[in-house]
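Following: one structure in structure tokens, then a few remarks.
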Amino acid sequence: MALTKEQIAQRIAKEVKDGYYVNLGIGIPTLVANFVREDIEVEFQSENGILGMGPFPYDGEEDPDLINAGKQTITALPGASFFDSALSFSMIRGQHVDLTILGAMEVAQNGDIANWKIPGKMVKGMGGAMDLVASAENIIVAMMHTNRAGESKLLKQCSLPLTGVNCVKKIVTNLAVLKIENNKFVLLERAPGVSVEEIMEATDGDLVVYGDIPEMQL
Amino acid sequence: MALTKEQIAQRIAKEVKDGYYVNLGIGIPTLVANFVREDIEVEFQSENGILGMGPFPYDGEEDPDLINAGKQTITALPGASFFDSALSFSMIRGQHVDLTILGAMEVAQNGDIANWKIPGKMVKGMGGAMDLVASAENIIVAMMHTNRAGESKLLKQCSLPLTGVNCVKKIVTNLAVLKIENNKFVLLERAPGVSVEEIMEATDGDLVVYGDIPEMQL
Amino acid sequence: MINKTVTNVREACEGIKDGMTFMLGGFGLSGIPENCIAELVRRGVRGVTCISNNAGVDDFGLGLLLQKKQIKKMISSYVGENAEFERQMLSGELEVELIPQGTLAQRCQAAQSGIPAFFTPAGYGTEVGEGKESREFNGKMHLMEYAFKADFGFVKAWKGDTAGNLIFKGTARNFNPNMAGAATITVAEVEELVPAGELDPNHIHIPGIFVQRIFKGERYEKRIEQRTVRTRK
Amino acid sequence: MINKTVTNVREACEGIKDGMTFMLGGFGLSGIPENCIAELVRRGVRGVTCISNNAGVDDFGLGLLLQKKQIKKMISSYVGENAEFERQMLSGELEVELIPQGTLAQRCQAAQSGIPAFFTPAGYGTEVGEGKESREFNGKMHLMEYAFKADFGFVKAWKGDTAGNLIFKGTARNFNPNMAGAATITVAEVEELVPAGELDPNHIHIPGIFVQRIFKGERYEKRIEQRTVRTRK
């Protein structure tokens, strides 16, 4: 069974380690916060200017001066801090953020990523994504394995305008966990009940399968 | 009569206009604050991180966390602000400071200034002087016309290592007020009782004297 | 202290002309200079370039200027959530330059700081890097980016004093401190304006030297773009 | 919140080795990391490079390290007021690189921010510009300057919390915020250490992400270099 978006987030949450500063992109990545183990200390950074982001506020406690990068109302945890955009990107560009989790339209087997523009169709802008992928040492892409037309999003080469080059290290999709190594996708884990053959079929780029591939533990 | 250091500061104070942000160097420039008209609003910036610097504290009220660029204990006026060194030099480099007054060992007729090093003898460092002279639009040099050996400090060309090039616009010495124009010193005012001839004699660089030169008003 | 107060938003916007370049603080609809935007609409200034992280929504923020077709060019990092914007952009009526958010912030700060250019890795190898000088540092490629130039900067703070000192609240801070002093004239609008001396000098986020004009905004809607709540258990 | 506290200055300085490069906050003797400097003396670490605006006085601040000849090289903007320093420099025992103060601050901030290089007009046409790349922007010549690299940064704040958030007081702020996060490991010593959540998140000058280790300094002399007073009338 392919994973739901919540389950993708749940699997990614296991990559979040004690003491990490984490930047979560919009969409599936935002859900990761819900699944992080409660016995570890993690701080979420939002590039619009908060470190120590907490859960959504209770109804009636929303503050227009307190939002995340997705423009959603949020709360600040005890020990949080607010700062300006330049200092926020000092954290990102200066590699002080330990883990970046973001969505993608396409990922190529050399680590290129595209997620900000479909020429002639959709141009929302890159927001902070280009800074994040150009700077982060540790990037996990959270996405569906195929697009709505059923086409693979794991490609030999990106067809859409790039967000960054040679930057993605790990990908968690509804079908699999993969890493990028030597210009190839390497299969690490299968979604429960999903076969290696199904994953190979859904992957357009070169896929390497070493031995038995375990099922994901959620 | 040649001016005292206090009188040099007093004459320079007349260049300080309402609404100016002013950076004062160490030495004679520091004294300028004492002579600024009380009916105008001026804010003094010190590059170690204060805007709205006030007078020295009363005995017993010194705060080690409140000093000026000369490491002297100071006070903060109501409306003052503290900031870090990078933002302090944003004010200076970004040309937000309206007037810079500093001392010099030598000034050349092309506006070059030397005030930070005597090779083999004295090397204290440039502090913020190089940033100030490279950035400021409006620089006044406060100094004695000659050095202790009686040699002119207004030269055709500086002999000491430079602090900045083509940057000085105005000079106030114990003998005269001069501006720099077309690669020459232009005499604007004489110290009370000092003759044009005395000034010419004390000036090594090319000195232009147009018509009658008025005495300074202090 | 030097007094930076002006009577109202009209006086604050004196000197604004068609064709100028503006910088506007805010992220989404949070921390935007609502009163200045309303005045720009009222004045009907046209053909302007706006440097702003976002472009508002259809009927609020910079969306109000877009509706009146007052904007010639937008320089932003993210412009989703605005149908009229998309229409003008795709039809070619509106010129749009999209740049990485960190680069946008840094180009403002560079302008504020008298740093004419700097290097950043963001955008290398992408459309953003096309035509730009690139260079390797520490084994990694970087793009050279320039300080912005703008005629007017409009920033919004929570509290301010008559000397122009500003204090921001929460994530409404965002680009506002980086844009103060980055344009020829910086206009600050604040929710609360106090006499110089009432704010703790240690708490000032932006010193008054970066602000030319300050006024208390008449009203703030402070609209929330994505109201998101959790349910009480 | 991630807990950055260490027990004491000894634990805070774990991993320090001969030959390393240190950044130290402070202007004159104001805002210097007194406890860390004392520990560096105690450890007898040698052959180190210090990036610090000043070099202390003969018997306080970095002067203490100079007396023990622990410093191989100083990178500073102003080093007056220190006879031993001058002696070591003129005799060639001590290597000294003097750079403009604004450039020093910006090279720290660049390191903190992942900006590998930037342009500044300071020092163009002087000794400081020799051997450096220069370039014209807006009709004015500028030098290209690089971000610093350092192994340890030692900063001193007034208050801090267990999450590493820092608040500074008065002009003791100076280079400290710009050096936090500019070295591989940043050690913060504070006069008062409180649990995370006690400081107003709007008042934090430097967020804890830039600090790896924080501790409460055992004692602070906070010596005044130039006591200057006016007389009461």
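Points worth noting:
Chains here go by letter, A, B, C and D, matching the order in which they are written, and residues are numbered from 1 within each.
Operating definition for what follows: a residue touches a chain if its C-beta (ideal position, glycine included) is under 8 Å from a C-beta of that chain, and two chains touch if they have at least 3 such contacts.
As the structure is a prediction and not an experimental result, all values here were calculated from the model.
Interface comparison, B-D versus B-C: the higher number of contacting C-beta pairs is recorded for B-D. Taking the CA centroid of chain D as reference, the farthest chain centroid is that of A.
Distance between chain B and chain D, defined via averaged C-alpha coordinates, is recorded as 28 Å. Computed from the mean C-alpha positions, the centre of chain B lies at a distance of 36 Å from the centre of chain C. With centres set at the average Cα position, the gap from chain A to chain B is 56 Å. In whole angstrom, the spacing between the mean C-alpha positions of chain C and chain D is 32.
Residue positions 50, 76, 82-83, 86, 89, 92-93, 135 of chain A are each in touch with at least two other chains. Looking at chain D, one finds that residues 106, 109, 113-115, 120-121, 168-170, 201-202 touch two or more other chains.
Chain pairs that touch one another, listed by label: A-C, A-D, B-C, B-D, C-D.
Those residues of chain C that touch chain A in the complex are listed here as 27-31, 53, 76-81, 86, 89-90, 96, 98-106, 108-109, 120-128, 158, 168-178, 205, 222-232.
Interface residues of chain A, counted against chain C in their complex, comprise 46-50, 55-74, 76, 82-86, 88-89, 92-93, 112, 116-117, 120, 123-131, 134-135, 161-166.
Of all residues in chain C, only 106, 110, 113-121, 137-138, 142, 146, 167-170, 201-203 touch chain D in the complex they form. Contacts from chain A toward chain D in the complex involve residues 19, 21, 41-43, 45, 50-52, 76-83, 86-87, 89-97, 135.
Residues 1-3, 109, 111-115, 161-163, 165, 181, 196-197, 201-202, 204, 207-210 of chain D touch chain A in their complex.
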